[in-house]
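When the chains are written out, they are named A, B, C and D in that same order, and each has its own residue count from 1.
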Amino acid sequence: MIGASFQLFVVLGAVGVLLLLAVAGVALAGRPAGRILIYGGALAASGVAGLSALTALASAPAGLVLPIGLPWIGAHLRIDALSAFFLCVINLGGAAASLYGIGYGRHDHAPQRVLPFFPAFLAGMNLVLLAADAYSFLLSWEFMSLASWALVVAHDKEPGNVRAGLVYIIMASFGTLALMLAFGLLAAGTPEGYAFDAMRAAPPGAVAAAVVLALAMLGAGSKAGLVPLHVWLPLAHPAAPSHVSALMSGVMTKVAVYGFIRIVFDLSGPPAWWWGLPVMAAGGVAAVIGVLQALLQSDAKRALAYSTIENIGFVFVALGLALAFRANGFAAAAALALTAALFHVLNHAAMKGLLFFSAGAVLTATGTRQMDQLGGLIHRMPVTSVVALIGCAAISALPPLNGFVSEWLIFQAVLLSPDLPAWGLRLMVPAIGALLALAAALAAACFVRFYGIIFLGRPRSPSAAGAQEVDAFSRAAMIALAGVCVAAGLLPGLVIDALQPAVSGLIGHRMPEQSSVAWLSIIPVAESRSSYNGLLVFLFTAFSALAAAYVIHHLASGAVRRAPPWDCGFPDASPLTQYSAASFAQPIRRVFARSLFAARERVEMPPPGALTPARFTATARDPAWAFLFVPLTKAVGAVAERANHLQYLTIRQYLGLVFSALVLLLLVLALWT
Amino acid sequence: MEHAISANLVFDVAHLFAGSLVLISFLMLYQDRLYALLNVFALQAVVLSLSVAWQAYAQDAPHLYVTAVIALAFKALIIPVALHRMVARLGIHRQVETVVSIGPTMLAGIALVALSMVVMLKATSGDADALAREDLAFALSVVLLGLLMMVTRRNAVSQVVGFMSLENGLILAATGAKGMPLVVEISVAFSVLIAFIVIGIFLFRIRERFDTVDVDALDRFRGGRP
Amino acid sequence: MSLVSGLLSGLLSDPAPVILAIPAVTALLLALVPSYRVSAALNVTACGLTFLCALALLAAPRIAGPFLIVDDLNIVFVVLNTFVAFTTSVFSASYIAHELETGRLTPLHLRFYHAMYQVLLAAMTLALLSNNLGVMWVAIEVATLTTVLMVGLYRTEAAIEAAWKYFMLGSVGIALALFGTILVYMVAQPVVGEGPDGMIWSVLMKRARDFDPGLLNVAFVFLLLGYGTKVGLAPLHAWLPDAHSEGPTPISAVLSGLLLNVALFAVLRFKLLMASHPGTLAPGPLLMAMGLASLLLAGFMLYRRRDIKRLFAYSSIEHMGLIAFAFGIGGPLANFAGLLHMTMHSLTKSAIFFAVGHVCQVKGTQKLADIRGLTTSHPALGWFLVVAVAAIAGLPPAGVFMSEFLLVTSAFARMPLLALLLVAGLLIAFGALMLKLSDIAFGAPSPGTAKVKASYVPLGVHLALVLVAGLYLPPPLVAWFRHVAALLG
Amino acid sequence: MDLIANFLVQGTQMLLVLALAPLLTGVVRKVKARLTRRRGAPVLQPYRDLARLMHKEAVLAQNASWLFRCVPYLVFAATWVAAALVPTFATGLIFSWSADLIAITALLASARFFLALAGMDVGTSFGGIGSSREVMISSLAEPALIMIVFSLALVAHSTQLSTIAQVMLAGVGLRVSLALALVALLMVAVAENGRIPVDNPATHLELTMVHEAMVLEYSGRHLGLIELASQLKLLLFLSLVACVFLPWGLAPAGAGIGGFALGMATYALKLGAGAVLLAVFETSIAKMRVFRVPDFLGAALMLGLLGTLLLFVSGIL
């Protein structure tokens, strides 16, 4: 058995199928058969690719060179443990999204703008993970961006979508250019240097490597949504159809993480001791800013997009820890941190996919994404509400679900870091740990709000009151992802072991074998140090809850009487007296966002006797826009305005330009010896 | 017959002509009335044809006589006359409108001549024969002065004149280069070009200037500003 | 029978004269043919024939006669030019017919137009194939004059103004180029002796080592400015946007796709000359400076454009700047990138102008403000335009992406700071293009829903070539580009 | 054999905390009453209340969902498990390996998560007030708690409570970081259990209350369970303080009956002392405005962070 070459071929085949589907999408768009064929085919392809990647996790790397791409080196394709793991993640998300799409696509009013690009998007992401030379990598990377851009502008009549697409494509191109520069340094300007193997063979010098790190953070960070390069994300992710939003938020950001790991951990040689610092700092800031912004949004999908930024922050903190440990020679700790990062990648793909699916289901059922139009859906959409609850609990890092495990692992890694020699790191890490803890707690608050406003309480609009449960395909997709969340939470040991080939491939060291631990506990370092057993906690809690219920219902009363809510004796007021999204966020807005986001509240009280309703408006701004991008665009506009005068000169003045250019050059010659 | 006259004489005469061409360029810069400008230009054309003829004789290259004739007929007679009549017909008013007033223009011209000298003498420090060097330097200054004129004059006519004197510099350089092929063809081609320009002005009634200052003209024309 | 075979063998042994003869003869014929349908057909066939003969060049031996030269450098250009000229003639057939219907042009105009088209083709091919610098110069002058006449074809004030601006700047450029040519002769004369040899390119290249470097530098300055005016490098670019926007769209395509390349070719020839002489002032920095200037200037200018054709004219300036920058850096990778980028740019940009031509016809305007939501009102045309613009903006899998990849990476490895400027310019221009594109293509459509009466064939062929090029370049082409790149030093 | 013994110990522990929790609350109330010159309800009153609540029928709002009915059991179970994992009289309990201190924190967090959801389920404005304030408080209290956990873990090189307790028992000397951690832990405990000055468990002035507003719609056995859960939580925090900072008398794993007896005795003493101290504290200060609470908890967070930082900078501080 020569490595994973078989799986490589299978994945390539799947990619081919996806591309064919993209072509077919142009022809078949519009008829339902087309929808079912495209999404069904995408489901099958992703499923096959994901499964074969799963089998490739443990097997030796395999490569292959196609006679396309950059002429003199061809297209290098390679599947190793790292890419195999990410292939599993994205194809999990891809399969779920395809399954969801079969049902969701029925409500799409412009299928011809979605069907061709959806499979292309999936194919692009798969190719990024397979690519093993700079050109193929960036080609697939940009192709992925292009396809997703087309999906973002699919509904171009809705206000804001075109602008979202514009911001997105520009930021994407910025990222690609940054990566291009990084690869330029890694390839060192030699024609043959573009292959990853060549880069590994000749790692860059210290300075060059540092520049590569910075460029990788810019390039991959802009795609993953690191602050302040995140601005496109909350615009673009909600604009796309929900199953695509799930892909972009849950999966494409992971491709960016992959790119970062590939460049920084694999290609740019041994890290310097301080590399962890910027990565961790960026991660911590992204985590807090992201979750706080998420708490302030009233658009459900936008809140989810911001929460993606938070989770990416978690991942990058873990990656930064791994870098720091690795650079300072703590292989075991590095393995733990990297495992935590990869675990969180998997978790977030599942959770965020699930949440976007449920948001999409709500959108289909009620026609709105505005939380303040929703409410009480738990009565109307039983399945969606259950799986959404699982998703919210998981992403709030509550045991025994998967979100908690990765967070727990990250904390364990943080607790190992006092051994680090460098003072900078020692001062940095606890602060980052505090930021993470804060972000985690705020995430819980954020998703209490998300779930409570959308699914609980009383319907705030007729459309919410008349909502219907979504179709079977969508339900199936959501249930599948919820299953992943629960399984990964109850049996984390298996996941951790599955991650180890990738980890040891990058770090050269692995975490201790977990599946052999008694009772399926996980023990990152040593039993005396820390251990956790999701399954046991779950059983324990479930047992106590059931026992309590049983005892009470048998020994005491089990009777129930329905009555109007008491509400401190108030009569049943209109649903509008419920807490709204804005009012629920009020305490946190006042505590955290007032200075950070210039959050302001304005109340317009009508004069006595006036019949107009009182209005309350809460506003907050994203500092990245206020301090970075708005001034930037203004500056470009100003320069453009200046330069524009050159268009309206007279012929004589143009001749003057030529003349002065000539004189200038002659002067250069005259002075040049 | 080369040996009949001493190389020295050849050199001096050629030098004389070239130098006077530069001088005439300055004269043109100095003019502030169109008719006078045209006359001076005609003079320059005559001198040019003389120098070309001299080169033809000195290099014993008969085809250069053709160039000389073209220069004389076309640039010393036809074009100036045509422009005279055009100025009359189109009622272009006789003043040469300058962007920079005459004095500074002259100074700039002197600077340009100095520049071309420096460039050329520096460049051709090598084995190139002295005649070529001097000739080139003068030719370059004529070219630059012509360009300067195009840039600092507003009238269409005076810009055309500037262009033509620029081209005179080219012909001077071309003929100065011993045994340069295609000189005749090139001068013909250039005459065609100039004819185009003159006819263009006449056809399209580009009256006063290539540049206007009134804003709505900008809006109508340049860069299709809506 | 033997005659035919003789002709064929002659063609294969030395196709260059034929390539020149066909358009020249056709031009005369077209001047006589009254019916525009016939002349359009004739135009297409002639271009087709020329292209076929140009293909024969690939097999033909590399020869350097007293008048014509066939070497690897100009074969690239000839084949590319004749091809684009051919496709453009196909497009022009459908385009011009529409102009006739709308009455913007009369049959007489068309007669003139077609004749001029062939003259232009002949002149450009001559400029590429001639071994004599003087002849090359004359040919480029002729090409300029013909395009001037075609730009002024519509006789509108704007058109005349554009033509005039083009004409004046072009003439000065020509003059400067001539002075440079004369200087080159004077450099050569002491070495290769008097007489025509001093202008024969192949001879100059052989003897270049012995030239006087100082004078060669002066010559290059004049040649760079002279022919650079034609290339449209800043600050000599002023004629380009107006000429593109006011002339008939096929001519815009020809200008961007062909004439700029020819001028660039001239610059490259002399860069070769400079490169083959160790003692000269390196031409690289000059090219890089002007290239970057053009890139940045055009990038900013794109934002304020209100006319769709002028928009893409500025993008041509931007790309010419990129190409000049690439050749300025030099080295195998950058030169390869430059050649590839040049090829891709001609194909893509002419494709864009094909699309834009039809867009302007269906919308009845060139104003960007009145062209919106194309993908909704004219899906096929709209998406073609989106693909083409994405290609020119350097999005994969277009070949432009590959050339920009090579350029950026190799530049950053060798001169990081310049590369940062380059990237900044690329990003600025990209943003502007996408800004305009998202208004043109998406959102609620603007009025003007006339059906498109156009053949998408040329458009489709160009885009197909460009898209494939990003994924796969045929090995012979690559080998050949690498060889030329090595020549360019 | 050994396994069964372990299970027995674990079971005793669970039942013990369950049994002691109401008593603890009763004691606190009694002491408070005494301090305010009232006789106060008997110490066993909480048991009676619970029993009465349990036997009442549960009155549900018409639009209460299944979630509303499940939450009390979930909250109770989560809190109970958390409490059962804190060493009270003995360390090295068999299940204590299934969750370390971080997990215990997370268990409490999940209890709070569901309780806040339940507060929003009926869709009354008071539920909303309670939930939103609760999550605001917790969003600061949790990180503070995590920081405290960090400090302890860094001293003991473990997040396992049993290990920590043993390390403390072995003696780590007086440490600044631990002192900071203790203060922070007490502040967090006050906030988490909704005691004065953060919240007033006895009030029913709706606008001043947090926890009570959240559970306003609950009645009968549901309310009973939630009450019990909060009593368990109080017990949990007291035993946490006890086992970490006063670990004396804790029976090591596999100790004999004597060891366990000793452990029980000392544990009872610690609880009593804690209850009295808490009562004194509560009677001696006034409740603060809701929007002063963030400052209070922010201070706790900073103290915790400071402790951790000190430990990062040098292991012996």
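Everything that follows uses one rule, which is that contacts are C-beta pairs under 8 Å (C-beta built on N, C-alpha and C of every residue); 3 or more make two chains touch, one makes a residue touch a chain.
For reference, the UniProt names are B = Hydrogenase-4 component E; D = NADH-quinone oxidoreductase subunit H.
Quick caveat, the model's predicted, so the values are computed rather than measured.
For the interfaces B-C and A-D, the C-beta contact count is higher for A-D. When each chain is reduced to the mean of its CA atoms, the one lying nearest the mean of all protein CA atoms is A. Separation between the centroids of subunit C and subunit D, computed from CA atoms only, is 79 Å. Between the Cα centres of subunit B (Hydrogenase-4 component E) and subunit D there is a gap of 99 Å. Separating the centre of subunit B (Hydrogenase-4 component E) from that of subunit C, both taken as means of CA atoms, is a distance of 31 Å. Subunit A and subunit D have CA centres that are 35 Å apart. Shown for subunit D are the residues in touch with two or more other chains, of which there are none. Multi-chain contact residues, meaning those touching two or more other chains, occur in subunit A at positions 647, 649, 651, 655, 658, 662, 666, 669.
Contacts with at least two other chains are made by residues 164, 168, 172, 217-218, 241 of subunit C. Subunit B (Hydrogenase-4 component E) contributes residues 99, 112, 115-116, 118-119, 122-123, 144, 147-148, 150-151, 153-154, 159, 209-212, 218, 222-223, 225 to its touches with subunit A in the complex. Across the complex, subunit A meets subunit C through its residues 67-72, 134-135, 138-139, 142-143, 146, 153, 156-157, 162-163, 165-166, 169-170, 173-174, 177, 180-181, 183-185, 187-189, 191, 194, 636-637, 639-641, 643-644, 646-647, 649, 651, 654-655, 657-658, 661-662, 665-666, 669, 672. Against subunit A, the residues of subunit C that register as touching in their complex are 164-165, 168-169, 172-173, 176, 217-218, 221-222, 224-225, 229, 235-236, 238-239, 241, 281, 286, 297, 300-301, 303-304, 331-333, 373, 375-376, 390, 393-397, 401-402, 405, 408-414, 419-420, 423, 426-428, 430-431, 434-435, 438-439, 442-444, 470-473, 475, 478, 482. Residues 375-376, 378-379, 389, 393, 396-399, 404, 408, 411-412, 414-415, 417-418, 423, 426-427, 429-431, 433-434, 437-438, 440-442, 444-445, 448-449, 451-453, 456-458, 519, 521, 527-533, 536-537, 540-542, 544-546, 548-549, 552, 555-557, 559-568, 570, 573, 575, 577-579, 583-588, 590-591 of subunit A touch subunit D in their complex.
By the touch criterion given at the top, residues 647-653, 655-656, 658-659, 662-663, 666-667, 669-670 of subunit A touch subunit B (Hydrogenase-4 component E) in their complex.
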